[in-house]
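Heads up, the next two complexes both have chain A, just with different partners, chain B and then chain C.
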Partner chain A sequence: MEITVRLYLTFRTGRFRVETRECPAGATAAGVARDLEIRDADIGMVLVNDRQAELEQQLLPGDTLSLFPVVGGG
Partner chain B sequence: MAADYDLKVWRVNVRTQTVTKEPVPASWERLGGRGLLARILLDEVEPTCEPLGQKSKLVFAPGLLVGHMLSASDRLSVGAKSPMSGGFRESNSGGSTGLHMTSMGIKALILEDRPTDPAFWTLYLSLQEVRWSRADDLVGVGVYETAPRLLAEYGNKVAISLLGPGGENQLGTAGIQNLDKERIPGRINARGGLGAVMGSKRLKAIVFNDAGGQKPPIKDPEGFKKAQKAYTQAVLAHPVSQTYRDYGTAANVLVCDALGALPTRNFSSGTFEQAESVSGEHMRDLLLKRGGESNTSHACMAGCTIRCSNIFGGDDGKTIVSPLEYETIGLLGPNLGIADLDVIGRMNWQINDIGLDTIDVGAALGVACDAGLMTWGDSARALELIDEIRRNTPVGRILGMGATMAGKVLGIERVPATKGIAMSAYDPRAIKGTGVTFATSTQGGDHTSGLTLRVKIDHRDPKGQVAASRTAQINIAGYDTLGACIMSGFGYATSPDAVRDLLNARYGWNMGDDALQVLGKETIRLEREFNRRAGFTKAHDRMPEWMTREALPPYNVVFDVPQDEMDNIFSDLD
Partner chain C sequence: MGSGPRAVAHGMQNMDALRALLAERADGDVVAWADHAEVMRRFGLDCPSAEEAILSAGFLPARYRRNRQTISTELQLRLHRSTVAVVGCGGLGGYVIEELARLGIGRLVAIDPDAFEEHNLNRQLLSSPAAIGQSKAQAAERRVADINPGIVVRPVEVAFSPETAADSFGGVDVVVDAADSVPIRLQLADACSQLKIPLVHGAIAGWYGQVCTVMPGDETLRHLYGRGSEPKGVEVVLGNPSFTPAVVASFEAAEVCKILLEQGCLLRNQILVIDLLHMEVDHIRF
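Up next is the complex of A and B:
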């Protein structure tokens, strides 16, 4: 199935800012992150279609997945 | 033989120009930074006093762990009754002042009374002498020119806390600038009008010379070294340190934009169509391309391994401003419809030079846009208005008194502030836990008193936000008492015994695992007691009404955390 992936901060390095990708049906946010060689421990926030989500969330065709490293305060 | 480390309270009467050094009262011994400020204000200042009056006191206090170049832990707290909120206000900063004060054995510096003569002075403090000099030639001079002139006069090794014209004119947005380790006056005790209090005491600058000083003694050096190592390793290992090293606090721009919490056009939206142009990602690319004086990473305090600060330079390689931080980008950028980092950097420099808080000035300018004094995105006009603040014109004073005052005078209901102090760059309707902090903290719209951005919680769901805010507020009040930067929290959180071990080794105390929370709760308890006596009630712990009514795009959220839940957030401390 096709999803859009948006990456931020250090995750963009050596990867991309936004990309439409193929992934297996029933893929989870964690699975996509693993494919992109992004470690779970480095992930601070996951958004699926603009809602905060857990890494285990299953994705649907056409979903937008956003992955952010850990951040804190300004 | 080195003299014994002589920890004293230094008391300065600015009217009689006398300085006395007093023993530290027993009840002050186990506090530092923000907690100590709260204790001193409660002990010595009439909570109903006039904030800019004769009975008001301005207190400088380094944190409990300052003095050993513990990474990101040499911060200075300054406090007073705020002319903005009418309540207790602490503001902390990095830079070199905290370290100098500790080397000199200054537990707290208390400035009291008020001169009858309007002349401004520079106060020079060293272990050998105290000197008062007329500062007539520095009146009206911005901080970026004042600092090098003072360094030329007093030597390059001193620390300085100084005012710009804003503080001289006792504007509510005025703060107190300190030198970073490159001796640039870019580290500011910004919020709550402490610069106005210093201006009311007619002090243009305080110069600290720690010649002959020494590091504070450590009761258990081996224990301290061990705890320091564990903490430093935890800081270095934490992934967030790398994020801040590479992107600075500007890392938050796209995070907040994605959450619908980035203040846009006076908090009328939580997303900015040009957020990428003002993002940390873009800033990094820009600085790396430009080179010259630009640096994506910079330490504001000696020895800090996080280095979240930066030096923002232009195409010509010359510095525009250092640092350029998330809150400033938020309030001077998207909040005004401005999408150009160079322009934001220049506005930042001007506001710094006048000696003001970029957050409250940015919020005031947002209110000014809604009032028709400026159109969205018109950065030239923004610079004109900032110049009016510098020149102390009537319009300049209205804006220089901050968003709340500007809103009242200009007739604008949409003012993003609590307790008279503007909110920083997190719209509370989209990050509700931080909204709870804004409403319930004695510090007003101050994210540094309890940001909940990192908490694993649905930020738009009102449930659980009071608990998240409470935890954040207590922990940060603890860090503020240690002199620890908000950034060091990650290190302390992942080496949880560090706070206990560092304090016990340094002072020979017997604190338990909850050392941080004990300090934090005591600090909050003291602050709330001061505010109660100053006339605050639960009625002041409220979100502005319009934010409970006006839905924030793009997710159409209002602030709806139940008021009675917020009212009970610290019922165990009252």
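Up next is the complex of A and C:
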């Protein structure tokens, strides 16, 4: 199935900002992150179609997945 | 003096005398620092009380002249009567405290258990070689006394914790997140929600930053920090150059001002994600 992936901040480095990708039916946000070699622990916010989601959420065709790294400094 | 009829009458007499003095000396409705000092001397007031009296009488201390027309005298009085707690006096906190003090927020609670270290010097506004080893919270108090003696700063040299929140945030109108750990931020969000105090969140890492406003009951920080399993983020790898905390802190200060003045559009149920390397700002709306 086809989904759109948006990456933010450091996740863009060596990857992309936005890309339409093929992924298996039933793929999860976690699975997509893994394919992109993004570590679970590095992920802060996950949005699916601009709504907060869990990494375990199954994606549907046409979904937009947004991944943000943890920004915690002050 | 108390608050009975005689005290009220005395207070009203004083207010009349104050207005007469200010009317005589002010430039229009703007009161110069020398006359602010005269108000202190003549009426036996400390600087913050004199500022309150001047603003209450409808006059504007000259230091705030350039806040006009963005902030009226009446709203300047509201800022003076506000209390803002800043959790962290480091990278973000130093700039937040500087800006809120210059803005005219009447009371600041500066919370930080740490002392300055050499590696703070690249970005922490309150730091200097002479300040190494000194308390950050006390440095905040000294800096504000230096730039705006009309502001009262309560330094708190104890780390924020859920147990100390009610005490630290008593009477506080807005809390600013200038912390440097994810777990602290999540605890802070919970505490502010329970105490029904708005929280302005900010965080930085390298070229990047984020800012939003969390009203009591909002789940925004849970969205941002997901599982909250890691205490730190990419700042561990990227560090924090001088300009990033300044940028994010300024957004935070503006949010504080808008909350207190009930003006403008808040970053509520939204996050501003800032990338200074590529000069991009993403405005994420939930």
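In this text, the second predicted complex is superposed on the first by the 71 of 74 C-alpha atoms of A that agree within 3 Å, B and C clash if a C-alpha of one lies under 4 Å from a C-alpha of the other, contacts with A are read in each partner's own complex, and residues count from 1 in each chain.
Convention: contacts are C-beta pairs under 8 Å (C-beta built on N, C-alpha and C of every residue); 3 or more make two chains touch, one makes a residue touch a chain.
Nothing here was measured: the structure is a model prediction, and the numbers come from that model.
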{"item": "Which superposed partner A:37 touches (first chain B, second chain C, both, neither)", "value": "neither"}
{"item": "Which superposed partner A:8 touches (first chain B, second chain C, both, neither)", "value": "both"}
{"item": "Which of chain B and chain C A:45 touches, first, second, both or neither", "value": "both"}
{"item": "Chain A positions touched by chain B in one structure and by chain C in the second", "value": "8-10, 41-42, 44-45, 47, 50, 52, 66, 68-74"}
{"item": "Complex contacts: residues of chain A adjacent to chain B", "value": "8-10, 12, 17, 41-42, 44-45, 47, 50, 52, 66, 68-74"}
{"item": "Chain A residues touching chain C - in the complex, by the definition given at the top", "value": "8-10, 41-47, 50-52, 54-55, 66, 68-74"}
{"item": "Residues on chain C engaged by chain A in the complex (per definition of touch)", "value": "88, 90-93, 177-182, 185, 202-206, 208-210, 219, 222-226, 229-235, 238, 240, 245, 271, 273, 275, 282, 284-286"}
{"item": "Chain A partner contacts - residues on chain B that touch it in the complex", "value": "238-240, 242-244, 246-247, 249, 251-252, 254-255, 258-260, 280-281, 325-327, 330, 424-425, 447-448, 451, 453-454, 458-459, 486-487, 489-490, 554-555"}
